[in-house]
Every structure is written in structure tokens, then in C-alpha cells.
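The structure under discussion is supplied below as C-alpha cells; questions concerning it will follow.
As written, the chains take the letters A, B, C and D, and residue 1 is the first residue of each chain.
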Amino acid sequence: MMRSVVTDGMNRLAVLHAPGDVRLEERPVPEPGPREVLVEIAAVGVCGSDVHYFEHGRIGPYVVTSPLVLGHESAGRVAALGPGATRHAVGDRVTLEPGVPCGGCRECRAGRYNLCRDVRFFATPPIDGAFARFVVIHEDFAFALPDGVSDDAGALMEPLSVGIWACRKASVTAGDRVLVTGAGPIGLLAMQTALAFGATEVTVTDVSPQRLEIARRTGATRALAAGDDVGEVDALIECSGHPAALSAGIAALRPAGTAVVVGMGPTEEATVPLSLIQNREIWLTGVFRYANTYPTAIALVSEGRVDLDAIVTGHYDLDDTEAALRSSREDPGNIKAVIVP
Amino acid sequence: MMRSVVTDGMNRLAVLHAPGDVRLEERPVPEPGPREVLVEIAAVGVCGSDVHYFEHGRIGPYVVTSPLVLGHESAGRVAALGPGATRHAVGDRVTLEPGVPCGGCRECRAGRYNLCRDVRFFATPPIDGAFARFVVIHEDFAFALPDGVSDDAGALMEPLSVGIWACRKASVTAGDRVLVTGAGPIGLLAMQTALAFGATEVTVTDVSPQRLEIARRTGATRALAAGDDVGEVDALIECSGHPAALSAGIAALRPAGTAVVVGMGPTEEATVPLSLIQNREIWLTGVFRYANTYPTAIALVSEGRVDLDAIVTGHYDLDDTEAALRSSREDPGNIKAVIVP
Amino acid sequence: MMRSVVTDGMNRLAVLHAPGDVRLEERPVPEPGPREVLVEIAAVGVCGSDVHYFEHGRIGPYVVTSPLVLGHESAGRVAALGPGATRHAVGDRVTLEPGVPCGGCRECRAGRYNLCRDVRFFATPPIDGAFARFVVIHEDFAFALPDGVSDDAGALMEPLSVGIWACRKASVTAGDRVLVTGAGPIGLLAMQTALAFGATEVTVTDVSPQRLEIARRTGATRALAAGDDVGEVDALIECSGHPAALSAGIAALRPAGTAVVVGMGPTEEATVPLSLIQNREIWLTGVFRYANTYPTAIALVSEGRVDLDAIVTGHYDLDDTEAALRSSREDPGNIKAVIVP
Amino acid sequence: MMRSVVTDGMNRLAVLHAPGDVRLEERPVPEPGPREVLVEIAAVGVCGSDVHYFEHGRIGPYVVTSPLVLGHESAGRVAALGPGATRHAVGDRVTLEPGVPCGGCRECRAGRYNLCRDVRFFATPPIDGAFARFVVIHEDFAFALPDGVSDDAGALMEPLSVGIWACRKASVTAGDRVLVTGAGPIGLLAMQTALAFGATEVTVTDVSPQRLEIARRTGATRALAAGDDVGEVDALIECSGHPAALSAGIAALRPAGTAVVVGMGPTEEATVPLSLIQNREIWLTGVFRYANTYPTAIALVSEGRVDLDAIVTGHYDLDDTEAALRSSREDPGNIKAVIVP
């Protein structure tokens, strides 16, 4: 088996040095370690967390204290195999699950590896991400992409995984009525995912008419202005980060319904309608990344149940990473920018 | 509120007196009791169990000892309201859930009302069914039909409910690979249901090329001859009643996969690959009718996720009930006959 | 079968007319209706909700607008059978599940009958309760008491049911570490219940040293002052109604742990550590009464796994209902007063 | 930190060369690899699988083709730490979970690591077991033993884990009625475990009056001759391997009850009452080892909920391994022999 393709020996990366300060740099191409693969990146999505790091240099307890490569929504081609790596061949197209857990702690052993304290997650200090020409990753966290799936879609398996994880937490199933509050990229994908899980009524709310229009176009049963009456639903997937959306969404839940909080709010704490949660025995939880979602994500996209290309609103060279970050921050119509290194 | 429409006072019914002996009879139109509704039947599907009663006069412990009206897959229009019935208006189109449980026993209180010992189920001795112009039923077991749903589809919410219940038992969810063995009406609907639950690979097997062709036409990802290799699947829905299909299907399950037995086998007992069930920690269960499925069934059909009209292969007058039963028994291509009283 | 015992024809009841105004009254003994039983009450526990109605005349949306008999924790002897009642014999000792749901709505059919909107629940306006010599109830909601179980214990199956329901919601199982905040009667019973569910470490917190002492004596692994560090736990059962206890309890949960809110807080809304709920994927829910708990409660008490008599701190005649209510309100050491009509 | 204690440099092991041929041998003490610990064994239980290998040289597909050290129920003291091992200190008492999975495959990532195809499990060809003075194991699979727990009990955490896993699969919870068929060591521990999970009625059946007497003495609510009527139960834990016990046990299950098959039957296939499984919607599954049970096992034993020492019926030197194996095979009263190397 060919164990690598010829590369020019230098990696190119977009490195965040300080808030607002992203620099294009060159470093040696990394060597894949035992059971790792070297991947030449073909597409990387820009995530709200990338934008947040770019703007503030931190997300809650995660602080950028040394130069950091952002980007964790990525797909590419296998360029070299580390020792013992047998799962992929050089040249294979793959999408990358960007968090590699320890595999041995209580959470990992229980199947909740997203809650592993020792996970190494792309673009989370101090682990570098994928705004780069090359990255290395454990072979088990690279997943083969079927032919019909684009590189962009391969990269967006990551935000789709969040939608899948949220739908699993909400136990979305056939015939459900789901409310998705917030029509950003995660909300839009959670909406498509809920439909793919069999929900027959998926309502999306947002303050931006532009985003609601995209929601309608990509399959939402209803797209309503935030605050409109939505009737009764079986599940809420809160993707806006707005406390009012959470409270109103909980109030719309049927007895024993589930609210899953995905959006990050402005503060550590939030006020919730606790009497209602008690009287209707509502379940409230949140998602932290995802676990065991990539095979599902790939199957849904490959079978046409979810259209990831539909939310891509712009492509950028690696040189234009800063422009991609700025546009994602400022333009509500720029749902999902993709960098092509 | 109008509490009844004018009827001519006589009901017409197809009554089974003995194996092979179905007679058209007239009886007074029944009076709806407290909280019951009188329904004028518009369509009734012919089920394998109707055919079995017609042929053998019994199904296992259920024996036809006095004249019995068959038929339990029905839809129609509300013709009169009993005292206290408020859920429907005269003229409403409804589909009928044909089993009314006691509502108070341990099973009912636990939400497993399909396992209620005192359930009164259409066309199960000694309860009469719906091969009739009029039937009465508790208003809670009549469900409003949306405008776009045909009478035939309304009647077939019943076998669809079996498919939904099987998919729930099998925990079918987005991205799953499901094997449905047997392409009779239940298998074909279980296949469509699995797709509606988000399964991305649904394989149907049967011995009849004619039925496999219908499976392909109505959405099966793959339709294979019984015995062909199907690879690995997450769930098995056994609808053929063939012991070999069950054993082979279990052998195809991934570790911790689920096998749901829907088809009635030739004997009370069956031989299963127990070591495999143990070593792979497979779950095996069966379905007995269904519970809490009608709202889901209606939503799936109404939203176009399941096409019930696609499996209707013939219509018959009430006078031709016997012909409908005979054809259903003898012609493998007659997937679903519908009687229009 | 004897269908009734001789009674003097008059019922005696403690009736709440207005906050602080409880009067002993006589009314005719009620006739048991179809499938109902007449029960001569032997013991009724005083619940915090009785005290709250006595003091304020309302609990949230439930307002006492006409004279109301309080009391919903009761046991007694069957004194007469209504038409069709066959489950019990006259003279049988029974405990009463005080809420009779409709049996037919979506919640009832799904097994969540505690969330039925049409439930008729003792001592909840306008339904009279059991501070009375006689009550009638549907036979399915009277459960036979084994010989070794006292009348007091029979009455306290009701608050025990809350503990069981909370432990089920929290999925308490063998080896779990459970935190119970609040050592009132519900907290103390939730603690015993958690142990009976197999929890090996059950910590109780409260502000009252007197109550913590009772917690220790009745089995708590640890009894700590509210605010003390409790380490990590698998489940929180919040029984104090204090927002601070809820927040601190959530912070003590392991990743993917569950918080069940039982105590009623001072306001409709509460502030919760939402980031923590998200980052650790914690589940938060509440309980509203219970469903399908009485057989379990009786089994646990009968087998000595839970000791209900241990929390009874006083007995009162029906004439002394007001004294029982006042003492329960004012004396933190009066964990559970029982009225013996 | 001290990284090893002085050892004489030679390991002693009981090695199976062929059916009936066990030899005591000396080999160099193994070096613990990265994150491994060297453990000096203090106690090893003799399991039915050890006896089966000793007698037949194989168990189903697992064949002893080269000399094999048996024994997988073990506890001891940490004698040395491999590079990077930090979880234990030299001298710590530990119990060993004998199967180390790959940590990265689909099953491992889903929390079903017992179904990992690449698991390395003690005493399963070609992996050596613990009938030895020293073994090495990954530090994550050695669990600290509390002071009050004996070495014997430490060793028997392994069969207890099977009981815990079976109770989890059967969803045993407070108030349940459980039937355990077969009163060998696994059945007796499953019985104690079911009680620890809150079951209030645990019936054990066996053909041996001697074993039934032990069942009674160690806590069984009832101990009945195989074939006696057991009434209705919520869960069946089949530990005898007898097909008749499985069929009769399934027939005793309540609607929607669960049967968990633990005992290995005489053949790969078994005949089960399939109509009953269907009509009552019974769940049938099996257990293959266990996952995530050791912390629970240790907590239950440490808190006195399960008494492992109660089933130990004999101790043997490592030199007497053959005698221990023979006695375990031949004497039904020798429930659990323990080897003390």
C-alpha cells in the first residue's frame, strides 16, 4: 500500500495570534503518528465558535493564550498513513470528526466520549484546528466520504452532527412536531435533521426575515418571526442563545416534552419557567458537541435526506480566512462560509 | 350541533357463519352509546387475519363460535353522536382504531393498552368488525382524517400502525439499516415506515418477484430474493412468518441490534439462534397490534411520508366480500383489497 | 358477597371554608357509584399542600372558592361496594391512590396519567379529600394492604409514591450516589426510596439539625448542612424548594446526571446554571404527582425496604384537624402528622 | 512514587496444555507496558468456563490450540507500574476487570465495549489468564478495593458483574418480581444482585436441593424445584442453560416483561415460545460478559448489599489448581472455589 503522496514539505495555516489578528504561516507538514493519517484539507467550514475566538480570544473557560489554528469543520484527502494505520488508503476522501477522546475514562467507556475531559478537539486551545493545508488525525476519526458527497458537505458533517445529536437528545421520531428557535447554520441543519428523523412539522423561528426565507427554502414546514405563537410541539431545539426563546419554547412543549439547548446564551445562568417544567414534567438538557454521529451524518447526506450544500453561502481561499471570519460575523445572510485551502 | 344524519334504519353486514361461509345480512343500525359515535363506513381493508378466519374459522385461541362480522381496517364518516360524545361532528371523516381497551388495568395505566386483556377489538370473536355499512365506536378511537387523505388511506392507517409499532419497538432512527423480511401488505408498509423513521437503507426480501417489484416501486432501497445475503443491519422486522427468515435475519443483525417479529409463524414455538442472541446481545421481541400510533400514522400519510394508496390493488362492494377474501388468499399480487360498503 | 357494612348513615368531615377556617361537619355517607367503593378512613396524613391550602386558600392556580375537604394521603377499610365493583371485598384494608384520571386522553393512553387534564384528585378544588370518616373512590384506585402494613403506612403510600416517581425519573439504580436536598417528609421518603432502588450513597441536606438527625436515623448515608460540599453525585432529587439548593445540586452532578425537582419554589421561574447543564449534558425535569407507583410502594413497605412509620411524628383525631395543620406548619420536628378519623 | 516492589524474578502459573492436563510452570515476571500495572494475585475464582476449557479444551468457537493460563476472576496488589501509569500506587489492593477492549471501534465508542471484537480477555485463547502469581493489565482495568472488602470478594467482582449486567439488561428495579433459573454461582449472584437492585420478590429454581438451600440462606425470597409453578414475574434471568427453564421462564413473564439469557445451552439454537413472545410483547436478550459494572460491583459489596464471601466454598493453592477444577466440576455443593496463588 502506498503510504504517502508527494508533498512539498511545507504546511500553510491561518493562525490566530490575538483577537482580530489572523496570520498566514508556513510550518513543516506534520508527520502522522501511530494509527494517525495525514489529511490534505479540501474544505473547512467557518463556525460561530471560530468567529467568537477571532473576535474575543476566548469562549468561556477556553482562552487563546498562544497562537492557535482555528477551524474544526473539515474534509479532505488522505495524504499519508502513520504506522499501523490501516483503515484508509492514500487518496481516500474523508471527513474529520474533530475531537479525539481518551478512550479509557468513565465517560468514554460509557459511550459518552463527547464528555471526556481529556478530549483533544480541533481549534480548542491548545489544540490546533484545520484552517490549514494539512492536518493529522487518528484514523478512527476520519470517515470515508461517498462519491456523490461534495467536499463542502464533507466539511459540514460536523455542524450536522450537532443537529443529529440534538435530535437524538430530543428523541425526535416519526410524526413529531419540532420547534427550532434560531435559523443560523446550526438551527437550519437541526431543522433538516428533524425532518430526516421523521418529524412531520418543523417550525423555525428567527428575527431575521432573510434567514427565515432560507429556512423555508431548505424545508421548514413553517418559518415564523421570533415571538409568534407556534402552538404545541413535542420537542424544542433552542439554537438562538436567546433566553426569551428558551422560555417561550418550553411553554410550547406538550406534557413530557423535551427541550434541548444548543445555542450559547449571553450568561452562565438563565431563568427558566420551573413551575411549568414541574407541572408538565418537561425534560430540559443541552448538548456538548456529539458522539457517534458521523456514520449517521454521512448516510443522511449521501441518501439525500439532508442537503448540506444548500446552506453554503460563500467560498474563501486560506489567504482570505480573515475575510471569511469577518463576513460570517457581520452578515446574517452569510450562513456558512467555507474555506478552500 | 346536529347529532345524526338521516339513515334508512337498516345496517348491511358481511357475516362469517363458518369457514368459507360469508353471508350478507341486514340488521338495525346500531345506536351509539355514551361517548360513542356511529360511523358510516367508506372503506375497509381486507387483512390476512380476515382471510385466516374466513378459511379456518379461528386464529390460535380465537375461535369463531357464533356469526362474526370481519374487517378491522376502516374509515368513514360520522353519522350520529351518542350521549356525551363531543370530539367529532356529524359528517366528519374519521379513521377507526379498532381496539378499545378497558382503560383501567395495569397494562392500560402503563401505556401498553394493546396488551389489555379486556380490549374489545373489531373482528376478533365475539366482537363484530367493520365489513358493514355502519359501526359504532368510542369517540376517542375515531380520529379525524385530513382533507388530502383518501378513504382507502384512512382505512389503511390500521396496518400502517403495525408498521409504526414495529419500527418503534426496533428503535428505528435516522441512518439505520433495516431488513424487512416478507413483502406482504405489512412488510411493504413496515418498509415505508422505516424510511419515514429516517432509515437510509431498507432491504426487503420475499420469495415472490411480483411482490419484490412492488417493494422496489414503493421505495425499498433493495429488494432481494429470500435467502440472499443482506449484509449487516441495525434492525430486523420479520413479516413473513417463516422461521428461516427469522433465523437468517437475526444472523444479519449488528451487535445489540433488534429483531421484531410481526409475522405469525406456522407453530407456537420457533427455533432461534440463541448463542448468537447471547454473544451479540441481540434483542428479540414481537408486536401485538399497537398503541398510540394513529396520530403518527395520520401525520405520516398527510405529509406524504408514507403512500398508503400505493398498495391498494383492488376495490370490492360489500356484496363481494367473499370474492375479496378469496382473491386476497389466492393472488400474491393482490396486496391489499379494499371493500367499499 | 356482602356489599356493605352497617354505618350510622352520617359522614363526618373536616371542611376548609376559608384560610384558617376549618370546621367539622356532618353530611350523609356518600353512595358508591358504578365500580366505586366506599372506604371508612383509618388514617390520613397531613401534607404540606394541605397546610398551604389551610394557610393561603390556594396553591398557584388552584383556588379554594367553595368549602373543601382536605387530605389525600389515606388508607382505610372497604365499607361498601358500588354496582359492578368486584376488585375488593367489604372489610378489606386498602390504601387510596387519590387521583383518578380520565383514562382516555393522550396522556392517559401514553401511560402518563398523572398529566391527564381531567384527573379528579382528592383535596384539589373542587374535589373533596379524605379528612373524613368515609370517602368513595373508583375500585381500581384502592389497593389492598398486606397484613403487616400499618394504617399509617397505608396512608403514607402517597408521599412514598412521590419518592418512587422521583427516583424513576432520576433513573436511580444500584450503586448510584444520590443527593436529596431538603429533609421534610418528601425528602426523607425520597432518601429511603433511593436506598431501596439500590443507591449506595444517599446524602441528605437541610438547614434544620433536627431534620438531619431524623435523616441519619432513617438511613441516610450522610446528612449535611445545606451548603456543605457534597462531592459528585449521579442524581439530584430537589425537595426543599430553595433555588440555591437546586443550583448547587446541579453543580454536583456528574456528566449526564439527572436533576429532578420535587419541591415547589417561591416563584414560577427559577435561575439555573444553564452553561453547566449544556457542558455536562445534564438532564433537568420535575415531577407532578406520580403514575403506576402504588404496587411498588406497597411491595417496598411490605418487604421492609422502606419504613413509613418511622416518619410519623403525631396522631390527631378528626376533631383536631386544625391543630394537626397548625403543628405541621409551625414545628419543623413534626415531620408527618396523621389524622385518625 | 515507588514504581515496584522487589520480586524474586519468576512468575508461577497453572497452564492448560490439553484437556485434563494442567501443569504448574515458571516464567519470568512480565514487565508492565505503557499505562499497565503488574499485579500480584491474591485470589482467583474458578469459573464454569475454566472448568469447561479444562474438560473440553474449547468453548464454542474459542479453542485452546497452545498452552493457556486459565482464570479471569482475580484480585491482588499492585506490584509495579508501567510507564505512564498513574492511577494506582504500588501496594494498592485492586480487583481486575479481565477484558481490555480496543477503545476505538464502533462498539467501544457506543459504550458497548463488551462487544468489541478486539477485546483481549483473560483466559480466552490466546490470552493468558490469572491462575498465576503475577499478571499485567492496563491500569484503567484495575479498580481499587476498599479496606473492608476481602480478596475473595475482590476476585468475585467478576461474576457479580455478570449479575449486574443481567439485571441492567432486565431493567430490574424497585418492587420487581424476578425469576432466576439455576442456582450455580452466577444464578446465586444474580439473585443477590436483583435484591440489591430493589427487587422485592426473587425466586430461584434449581434441580439441586443443596443449591436451593444456599439460595435460601443467601437471601432468595423463594427457592423452588425446577418446574414448580412460580406465578407471574417481571423479569427472568436464565442461568441454568436448560432450554426447558428458558421456555417455562418466558411463560411466567408478565406482558412486556424481559428474559435475559445468561446460561450457555447445550446447542447453538434453542426453541422458544415465539407466539407468547409476540402476544405478550416480551423482550428476549442475552448477556456477553458486561460493561461499566466494576464501580457498581464494588459499591454494592462495600455497602453490604451483596455478600460475595457467602458463596465461597473452598480455597486452593496454585499447586492445587487441577483439584480445584475437578471439584468444581463434580461437586454441586462446591459453588465457588478460590485459588490463592
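Simple rule for what comes next: a residue touches a chain if its C-beta (ideal position, glycine included) is under 8 Å from a C-beta of that chain, and two chains touch if they have at least 3 such contacts.
As the structure is a prediction and not an experimental result, all values here were calculated from the model.
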In the contact graph of chains, the distance from chain A to chain D in steps is 1
The pair out of A-C and A-B sharing more C-beta contacts is A-C
Between chain A and chain B, the Cα-mean centres are separated in Å by 41
Dist(centroid_CA(chain A), centroid_CA(chain C)) in Å evaluates to 45
Note: chain D residues in touch with at least two other chains are 110, 112, 295
Chain B partner, complex, touching residues on chain A are 164, 167-168, 173-175, 193, 196-198, 200-201, 295-297, 299-300, 302-303, 305
Contacts from chain D onto chain A in the complex sit at residues 103-106, 108-113, 138, 140, 291-292, 295
The residues of chain C that touch chain A in their complex are 60, 107, 110, 112, 114-115, 169, 247, 255-256, 261, 264-265, 268-288
